[in-house]
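Presented sequentially are two complexes of subunit A, the first with subunit B as partner and the second with subunit C.
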Partner chain A sequence: MNKDLLLYEKSQPGRRTLRLGRLDVPAADLSALPAGALRRTPPDLPELGELELVRHYVRLSKKNVSIADSFYPLGSCTMKYNPVLNEAATAIPGFNAIHPLQDSGRVQGALAVMKRVADALAAVTGLPGVTLHPAAGAQGELTALLVAHRHFVETGQKQRKMVLIPDSAHGTNPASASIAGLQAVEVASGPDGLVDLDDLAAKLGEDTAVFMITNPSTLGLFETKIAKISEMVHAAGGLVYMDGANLNAILGVARPADFGVDMMHINLHKTFSTPHGGGGPGAGPICVTQELERYLPSPRVVEEEGGLRLDYDTPYSIGMLRGWAGNFGVLLRAYCYIRRLGAEGLLRVAQNAVLNANYLRVKLRGAFHVPYDRMCMHEFVCNTKNQREQGIHAVDVAKRLIDLGHHPMTIYFPLVVSEAMMIEPTETEAKETLDAFVADMLLIAEEAKHEPEKLHAAPVTTPVGRLDEGRAVKDPVLCYTCSH
Partner chain B sequence: MRPNDRHYLPSHEWIKITGDTALIGITDFAVDELSSGNEGDLVYCDLPEVGRTLEDGETFGEIESVKAVADLNTPLAGEVVEINPAIEDHLEILSEDPWDRGWLIKIKLATKDTSKLLDAEGYEALLASQN
Partner chain C sequence: MPFIQNTDADRAAMLAAVGVKTLEDLFEGIPAELRHKGPLPIDAGLSEDELWSELQELASWNSTTTAGCFLGAGMYRHWWPRVVDALQGRQEFVTAYTPYQPEASQGTLTAFFEFQTMVAALTGMEVANASMYDGSSAAAEAVVMAANLTRGRDKVVVSRGVHPHTRRTITTYLEWTGLEVVEAPLGADGRTELGGLLDDKTCALVVQSPNTLGVIEDGAAQAAAAKQAGAISVACVYPIALGLLESPGAQGFDVAVGDGQSLGVPTAFGGPSFGLFATRLANVRRMPGRIVGQTVDGQGRRGFALTFQTREQHIRRAKATSNICTNNALIALRGAIYMAAAGPAGLREVAEHCLAKTQYAARELEALPGFSLRYGAGASFNEFVLDCPVPAAQVNRAVDAAGMIGGFEIGRWYPELGPNALLLAFTELTTRREIDALVRTLAPLAAAATVA
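The block that comes next holds the complex of A and B.
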C-alpha cells in the first residue's frame, strides 16, 4: 500500500529550503489594491528542508512509468522515443529566452524554425497552407472545421453543415464538429473495417460540409479506397479532412494531398517525437490546400525582403485561435527531429513502424484473436475472444502486463471491436524488446487458460492494486482535505 | 433463448408492448459488452424527460460504462410517460435483470407496427452472425 505522505503532511513549522535575502528594492505600495484582494494571513504552504523536498520528488519520479523506462505500446498514441537532442535545442538561449512580442529583427532564428517546420509539413502532406497555432490534434480539428465553415460562408454555401465521420473515428472528431457548430453524422464501416461506400454515398448531399477520415484508421488499416472516397466527397461539393493522428505509418510513403485530402492535422507529439501528455504543451498544426490557406489563423510567419516576420494583416482569417502563434518549444523539437532524420530517415520511420506492428501481429495472432487479420499499418487490434470462456476481459490482460513490466496497450478502443486491445509498438523499439513483449503476452494467454485468477488479481506489484474504475467515475474524490 | 414476448433492435435495445404502452430496455448482450466483469462497471445513464416525443429509432439517451458510452435508441415512436426510478443510482440492476427490473423508459406508443423489428429468433441469429 502507498504510505507516501503529501508535502503538506511532511511539513514542519520553520523548515526552509531557501531563505530570501533582505529586500534591496523599495517595497511595492499595495494601498492602491482593493482591501478585499489583500491577504491577511500568509498562505498555508508546506515547509520542508531541501533534502526532504528532493527525496519527495525523486521517490515520486520512481513511481512514474514512461517510455524512458519501459515498452509503451499504447495504441493510437505513437509513444515513440523522444530524442535527447530535441531537448538540448530547447536549452539554447536564442530559443528559450525570447518573447513573441520581441521585434522580429531580433528573433529571426525562431521565426526561421517556424517557417521551416511549416515547409517540412507542407512537403510531407502535399498541402501548402500551414498553421502552427493549434495546441493539440483536437484543436487542429476544430481549426480546420472553422476554416471549412468560413470557406463555405465565403462561397455562398452556408447550408453545408453536416460533418460525416466513420464509426471507427477518434471520439474527438464528432466532438470537434459539435464545438464548431456543425452536425456530426456517422458513416458505417463495412465487414472489412473500411468505410462503407454505399452508406457514405447515401449520406453525401448538398448539406455535406466535410468528410473526416482517420487514415490509416484506428484499426490500423489503410483505407484502400481513399482516392474514390475523396472523389465522391468532392463531387458532392464537400471537403475531405484527414485526422493525421496516424501519419507515422505513411510518412514519406504517401502524400495525403495526392489521395484527395484538403485539410489535415498533424500531431507533432506523435509523429515528430515531441513529448506527450504531462499536461502539455502539445502542437497539432494543420495543413490545407492553397484555396483554403487565406482562412488560416492569424498571425502567420511570412518571408519578405529583409527577413521573416509575423503577419497580422490577414483579412480572411478565422482570427486568433490561442495566444501567439503556436507552442514554440514543441515546434523546435519537431524541427530538430525532422532535420536530424531528413527525408530518407522519415521514410524509414514509417517503414519500421509498420514492420514492428506486423511482427507483433503475426507473433500474437495464435494466442489472441485478431479480428482484421491482414497486413496492418503502424498498429493492430486484437481482443480476448479466445479467453472469453475463462472470464478474461481486455482489462485483465492490460493489468497483468503491468506486473510483467510493460505499459499496457490501449484497451476498449476502437469501439467497433469488442474487448479491443490496440497495440502500437512504434519504430523506435528493438527486436529484443518486441520479443520480450511477445513472450509475456503468450505467458498471459497461458495463464488465462490455467490460472485466470492471476489475471483477475493483477496488478500486484504496484503501490496500489486494481482500482475500482466504476466508483472513480461515480464518486470521484477530487479535493484534498487537509488533516493537520 | 432471449424472451420472445418482445422485439429487438440490432443496436441491442428491446421493446415489450402491453396495450398502448411499452417498456424499453437493453439486452443482456449489451450489458455484457459494456461491462468488464465487475458489477459496478455501468456508471451513468442519461434518460429523457417525461413528455418527450420520440421518433422511430431516435436516440433518447446514453449509457456509460468504464469502457464506453453507447447511445440508447427507441425501437418504436411514442411519448415518454415514465422512466424507471429504481435504476438511476443502481445501474447494477441492469446486470442482474435486464429483462424486467432493468427497464429504462416507458412510452405511450404512436405506432404498434413491429414489422421492422427483430423477434427473439432474429436477434439471436444476429448475435450468432456477429460472433
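The block that comes next holds the complex of A and C.
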C-alpha cells in the first residue's frame, strides 16, 4: 500500500469531513445575487473522509524532524523547548474567541496581556517604546527602518539614506533597508570576527541613517567594542539598530539600551519560546528610545483612566504593516513563558544557553575547525576545513547528522566563514543530549577520514534522499492539479 | 528552573570542561561596565498551576463571541472541524522550523505543496506561494510585485472598498518607493467607481470583494479595465465566499490575495492568521515568500523542496523580491487542513449558510420601522450596512446589554456613512435564535426613535 499519496491522489468524489447541521433559516436565494457573481465551476479541492484526513496529516507529521523528537541545534534560530502549557493557553475561549473590534472594555484581559509583554520587553532591553505589531523579525526590522527614515525626515535630515550593515548579517537586513527606501552599505568584519572599526569609521558620515548590528553576532561573539561603536555612530548623527535574533544570550545579563542601542527587534519565536511552526507564525516586536516612540506603528496599547485600549489615531506613526494589532496568539505564548521564568529564570536562560554552547565548542574543536575559538555566547561557528582533503563539505556533515537522529545545524551561514556550520544548542538541552551529539559529530569526523562515501550518500534513513533542487527550478511543478 | 534540565552537577562538570569556574565567567566577552547589575524589574516566576489560574482570570476579563456576535469587518467567526486542531497541533508540525533541510522536512513541505495547490484552485490561479503574514501585508507585497512587473509606471489605484488596514499597510510599504497611491471612490451603490483613474501610468489596481461595506463588486469588469490600461489587477478575497462566488482567476485578475482567517483560524483578537498569495505562472520569479516545488531524489522518488530561492533575502539580500523570512506557516497548515476537510461541497455549504443567514437577517431587520439596508438586500454575501434610526453606538449598547456583541460602527472607518451606520456580519455559526434576539433588541429603538 502506497502511504505517500497526496491529498489529491486519495480524493474520492462525494466524500468530505466538514458537514454543517440543518439550516435554521430559509435556504439561500442565489438568484438575489448580482448577475455573474456565482462561481461557474467549483474549486478543485480534495474530497476526503475524516479518517483518511487524519491518516494523511499524521503520516506527514512523521516525516518531519522537530524539537519534540530530536536535538535541533539550528544556529541563529534558537530552537528551544516550546512549553505545552503555552499552546493550551491559546485555546482558552477568553483568548481564542475574541474579536479585535470588540469594545475595549470587553477585552481588558487581552489588552493586559499585551501591555505586560510590552513592559517585560522594555525591561529586558532598557528601551521604553514598544510595539507588538510586527508579524515577524524581518517585519520588525522594516518597521524600525521606516521609523528611522521618518525620524530623519521629521528632523530635517533627509540626506541620511545609508544603512551600514556588517557582512555577517542576516539577509533580511539589507532586504528590509531596500523596502524602507534606504541604501544598504556593507561593513567589513575584522580578523577577530567583530566589526572592523576602521571600515566603519570610513563609511560613517552625514549620509548615515542607521548602523544595523546583530549582537551577539551571527558568529556567536559579543561585540566587545559595542559602546565605542555606538558612540561613533551617534557622533556621526546616525541611529544604532540591533537585530535581536540573538537576544537569548544576554537576557538579564546586559541591556541593549546600556550599550547605546536606539532601536531593536525581538523574535518572540526565538528568545521567548513561541513555537517555530515550520516557518511561523512569529512575532517581531520592536523596542525604541523615548525619542522615537511617537513614530511606532498603529495601533498602540494605551493606558487611560478606566483601563487599556487600542489607539489607532496616532498622527506621527509610520502607519500599519499588517492588519490589526499584532499576532496576539504568539504574544500570549510569550507572556506565559515570561511569567513561568520571571526575572531570575530569564537570567538562567542566558547562562545555560551560553554554557551549553561553550561546552559543545570545546568538545568539538579537536575534530572540527573553529575559526574564532574563544569564549562564545549562545552559539558558535565551526567548519569542515579539517575535512577538506577528503572532499567533505558542510552539507555532507549535515545530511549525515540526519541519519544519526539529529536535526542539522545551520550551514553556509554566516557567509563570512566558508563551509560554515553554526551550532546553537539552547539552554533547554540536557548534558547527555549534548554528549550524544558530540559522540556523533566525532564519529562523522572519523567517517570523513575512512568512509567519506558514507557522508556523501547521506541521508539514507529519511523518506527521500538528497533532492534534485536544480530540477525544481528548471522544470517547476508548484501545484498538483496544474500539472495533471 | 522551568525548562532547564541541567543539574548543578551537570553545570559543574560542563564549566570544568570549558575551563572556567562560574557561570559569570562565561560572559567575559561583555565588558563589565555594560553588564546589568541586579535583577530585571520583572515579577518572580510562577508554577504551571499558578500561571493557569492567572490565565483563567485574565481570560475572564474578556467577553467571548460565543454567545452571539455580529462583528466582522475583516475577521469572521466560523466553525472548523475539531480535527483541524488535533492535526495542526501535532508537535512534529508545531516545533519544526522552515524546511531548509528537505529530507528532514517532507511533512511540512508536502503540506505546503498541497496548500499551494488548494489556494490556486480556490482562487482560480496557476501558482500560489506557501503563505504570507496576513491579507493586508499580502496585498502590499502584491503591489510591490506589480510595480516590479510594470517598471516605469508609478500609480497605484486602490479602491476605497478595500479594508482600511490593508489600504494603510499598502501606503506604509510604498511610502519611500516613489509610487503614488490614488483612492478609487465608492458610488451610491457601494461599488467601486474607477472613473478615468486607470491610465498608462497605473501599475496596479487593488479591489476587494465583498468589499468592506459587504458589497459584492463586479470583478470581471474591474479586471478587464485594468487589463485594458496595462495594469496588474489585484483581487483581495474572502476565501469562504469563494465557495459560492466567482474566482478572481476566472474573472481575469492577475493576482489574488486574501486573509486566510476564515479557513479554520480563530479570530483570537486579530492574529495570527495567514495570507494567501496566488498569481499567474509567468509572475513566479517576481513572487514574494516561500515556494515549494516537486522534484525527485537520486532514486527517482518524488520529494518536495523550497524552490526559486534566488528571489529571497537570504540569497539576493538587498535585491530580494521581499524581505519576508519567517511567515505564518503553521496557520497556513490549519488553512490547508480546513480546505481538505471541507472539500468543494463543504465549502459551498458553509458559503450558502452564510448567505442564507444574511438574507434572513436582512429581511427581518428591514421590516423594522426606521431601519434600512444601505445598499439593498441583493448586494451582500455575509455582511451589510444597516442604517439605524439612532446612533450605531447606542444600538451596540443595547445589544451588549442583551448579552451579545453588536456590529461595527462603520462610520469610524467611513465617516461619510454617518454615525447611524452599523456593519453587521453573519456566518454559519450565527443562529436564527441570535438573529431573532437581535431583531427584538432593535425593535424598541425603532419605536423610540419614531416617537421622538
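Methods note: the second predicted complex is superposed on the first by the 441 of 484 C-alpha atoms of A that agree within 3 Å, B and C clash if a C-alpha of one lies under 4 Å from a C-alpha of the other, contacts with A are read in each partner's own complex, and residues count from 1 in each chain.
Convention: a contact is a pair of C-beta atoms (placed from the backbone, for glycine too) under 8 Å apart; a residue touches a chain by one contact, two chains touch by 3 or more.
Because the structure is predicted, anything quoted here is derived from the model rather than measured.
Contacts of A:Leu45 after superposition: subunit C is touched, whereas subunit B is not reached. When the two complexes are overlaid on their common chain A, residue A:Gly156 makes contact with neither subunit B nor subunit C. By the touch criterion stated above, A:Leu346 is placed in contact with subunit C alone, subunit B being left untouched. Shared-chain residue A:Arg471: touches subunit B and subunit C both.
In the overlay built on the shared chain, the residue A:Gly391 is in contact with subunit B alone; subunit C does not reach it.
Looking at subunit A, you'll find residues 468-469, 471, 473 touch subunit B in one structure and subunit C in the other.
Residue ranges on subunit B touching subunit A, taken from their complex, read 33, 36-38, 40-44, 64-68. On the side of subunit A, the complex with subunit B involves touching residues 391, 393-396, 411-412, 415, 418, 456, 468-471, 473-474.
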